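One chain, subunit A, links the two complexes that follow: it is found with subunit B in the first and with subunit C in the second.
Presenting the complex of A and B:
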């Protein structure tokens, strides 16, 4: 295994409950892997093992070629983590928070202002975090995760609680980091986000992987596609649905088009959520 | 182990300290208790009445006053200056001795002697200064007192005043709040807000994090105890021995603070532990206030061994070697806490991961 993140058959149980059960995967440099699964699926436990908070009861993890456990300081120096919980120092300002963590990483010179500008907080850097909204705290969490210019980035629900504009800005930062060669592992409930951002997605439920592939391949392999043709017949709008995953697609479309005056034609493909539900038998929330 | 990261966490805690009610409480409480003690028993920084003298001649009264051990005498050169400074409470009283004062006294001319008294001076100081002035003049006059006064000590032969016997209470507060409560509450706060998780996913280790918290408690304890003792004029004659005692005792209290901080899942548990154990920790100091109570009971409490060396250096003038045996017990108790700290830190990390 030579990925930035290499995970081999890791397992973890809380007492009798198996939270993660023998999952393996790799994330290459510059790749974004989206972790999709409902609450309690094993996403957070996996991330906790990856960042060294939990020691796997079986299997092994290597980050940038180093085993996580036993080399936590070396590994942590090269990763960035944004937790779902907003664990910032509320009584400190945003600038103080970033400078404090920069100092822990041994970073002597940090352009705090530039970092805050990237997450649209430049004007609030001297305000105490206690006065921040949930979305502002989330953006500061992302800024903190980027402080050491990490080679591997773990993002737990990075756009949770953000407005659409802020979400787009955060997605842009994640893509920019990936283009710069950072391996990104993100968990999310937002299917569109996972679809748009991830090079590959992993479906996890009850501690096991149900699939791990590109969103495109998952849709092709496991989803159904259709075309919806709206025609006008005797002044009335009629909708006809033509499945595209069959041999007689042409005949079906021709029939639909010839039955009246075509108003619109839309193609539809399965969403990742549809595929997740069909594979695991449960939804994502 | 990185000294730089330890210092980073420590510096952050010191910077955030003034915004934390707990640290403010730690800083203010011993000073507040000192103030209360001095309001009750009188005197702050000095217990001797302060007398200023302007001598317009070369009076023998001035020489005699300077020789009195119980009075702090200062010679000034102008009556205006004397009045201003007595009014500003720099002195409890001021004497203006006119030229030829001694001759006039001896000739029986009954010259005017003005004793200025500060409005904010203690009643006891006023009384002492007035009686002393009359006594000195009688001596200049060459007359013996009309009566012989026999001083009879009532109560204990023990000369240690009650105000001094309260000092271990204040010192114990400084130890408990700065040494125990500050690091413990700092750990609990980081745990509740889960900021410790963020720190531990940086290159910082749990060991560095805990040493930084202990350093915070240690520095505050040493400074607050030293300041408290100095304000109470209770550093004793051997400053080196006292410093050694404070340092070793501060280490014990901060380690106890780490144990309690790591054992407390949240603030409620921390307060419950401190409330429950506070009486046990404070129990030995009661025996200094009531010295007739049997000593052996105090020795049952572990914190007795951490406060008694301080008392002995302060009140008995003990040297470091005299209290070395007791301090060895304190060091042994501190070392015994190390495995507990290690086990509890592992447990805390597991709880954080599970949470």
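Presenting the complex of A and C:
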């Protein structure tokens, strides 16, 4: 295994409950892996093991070729983490938060202003974080994760509950980092976000992987495509659905079109959520 | 990128803790106002001990009484009232007795709102003896008489009993008869320092209590800081960097001890405790106290979920530790189990050093006990906090 993140059959249980059960995967440099699963699926436990805050009860993890456990300081010096909870110091300003964490990385000269500009917080750097909105705090979390120019980025629900503008800004930063060669592991509930951002997605439920592949391949392998034809018949609108994954697609479409006056034709493909539900038997919430 | 050294990381966390502490008005106000208040209270307390008992006396003809009372006991302050009625109203609290510079006794009727007399000192008459008019003659001739002992509801039972015995003794003296017993010789042995004429004042007795209050406040401040790290899960953000949990624990240890010890030292210096005893012993005791309370602060901070929760847990854990400080206020009245309270060793060493000028050999035992308790409580605090941080 030579990925930026290499995980081999890791498991972790809280008492009798198996949170993660023998999962393996790799993330290459510059790749974004989307981790998809409902609450309690094992996403956060996996991230805690990856950043060295939990020790796997079985299996092994290597980050940038180094085993995580026993080398946590060396590994952590090269990773950035944005946790699901906004664990910032609320009574300190954004600048003080960033400077403090920079000092933990041994960074003496941090261009705080540039970092804050990147997440569109430059004008509020001297304000206490307690006065920030949820979106601003999330952007500051991203800025904090980027302090050390990490080679590996772990982002736990980075856009959860954010407005579209904040979400778009954060997605742009994630894509930019990946293009710069950072390996990104991203957990999210948002299937559209995962579809748009991820090079590959992994479906996790009850601690095990149900699939790991590119969004396109998952849709091709497990989804169904169709065309919805809306025609007007005797003044009324009628909808006809024609499956596209069959040999007689042309006959089906021709029949639908000939039945009346065509109003619209839409093609549809399965969403990741549809595929997740069909594979795991449950939704993402 | 070369990683920072452990000392640099601990220093960075300490700096952050100081910023957080300074931003919280509650802790800042509590720390500064509390310290000023404790110092003020200390200097307002009396620094002398009035060992004399003031008794009132009413009699138409003092005669030999003056000599009898003058010789009777050391520390007996006799106030002669013109009438038993005046003495009764003073002891009942309806009037006050004042003694002028010339020794004259003035009665101020407080119920009528009379003004305070000038150039006079107020007397606190504990008990009054009302002798009958023919007491001298009756006693000399062996006739039974009645002496009224006037006390108020504040007068201790011991003093009432002592006064009754005292009157009997006077009667025998007046009658020129020896008491019907062979008086045993009393060999007075003073255990410890002889403080005759220099008893510990209320001000001195308050020292451990004030130090306890300072340590308690800073325990609360530390517990709250740790509580914030736990509830906001900032601990996990720190340990996702090159910083280790041990760095965080080291920083909290230094911060907690530094904060408590710093305040205790300021207080001790402001009340002049270092000049009263061996400064190194006092510093050692204060350090052990700070370490003990830091351990408690860590455990409490790990358990508290919000301000009220932290306050509740702090009080529940810390208040029992005040018992030895109370014992110092009322020596001789504390039960034997007080010595098993963890703070007993620290408080005993502080009292012995500041009030009795104890040396190292005198405080070796209490300091040894304190060290054991510090190790236990500090290990407990570190264990609880590290376990909590690992399970977030």
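Annotations for the structure displayed:
Here, the second predicted complex is superposed on the first by the 285 of 285 C-alpha atoms of A that agree within 3 Å, B and C clash if a C-alpha of one lies under 4 Å from a C-alpha of the other, contacts with A are read in each partner's own complex, and residues count from 1 in each chain.
Everything below uses one rule, namely that a contact is a pair of C-beta atoms (placed from the backbone, for glycine too) under 8 Å apart; a residue touches a chain by one contact, two chains touch by 3 or more.
Remember, it's a predicted structure, so these values are computed and weren't measured experimentally.
With subunit A as the common reference, subunit B cannot sit beside subunit C without a clash.
When both complexes are overlaid on chain A, the residue A:258 reaches neither subunit B nor subunit C. Of the two partner chains, neither subunit B nor subunit C is touched by A:39.
When the two structures are aligned on the shared chain, A:81 is found in touch with subunit B and with subunit C.
Touch criterion met: A:107 reaches subunit C, while subunit B stays clear of it. The clash between subunit C and subunit B in the superposition falls on 381-389, which is one of the stretches 57-65, 183-191 or 381-389. Taken together, the two structures place residues 51-53, 72-74, 76-77, 79, 81, 83, 85, 87-92, 96, 100-101, 103-106, 144 of subunit A in contact with subunit B in one case and with subunit C in the other. Across the complex, subunit A meets subunit B through its residues 14, 48, 51-54, 72-74, 76-77, 79, 81, 83, 85, 87-92, 96, 100-101, 103-106, 144.
On the subunit C side of its complex with subunit A, the touching residues are 1-4, 8-9, 12-13, 15-16, 19-20, 23-24, 232-234, 236-244, 390.
Listed in rising order, the residues of subunit B touching subunit A in the complex are 4-5, 8-9, 12, 15-16, 19-20, 193-195, 197-205, 349, 352-354. Residues 51-53, 72-74, 76-77, 79, 81, 83, 85, 87-92, 96, 100-101, 103-107, 128, 144, 148 of subunit A are the ones that touch subunit C when the two sit in their complex.
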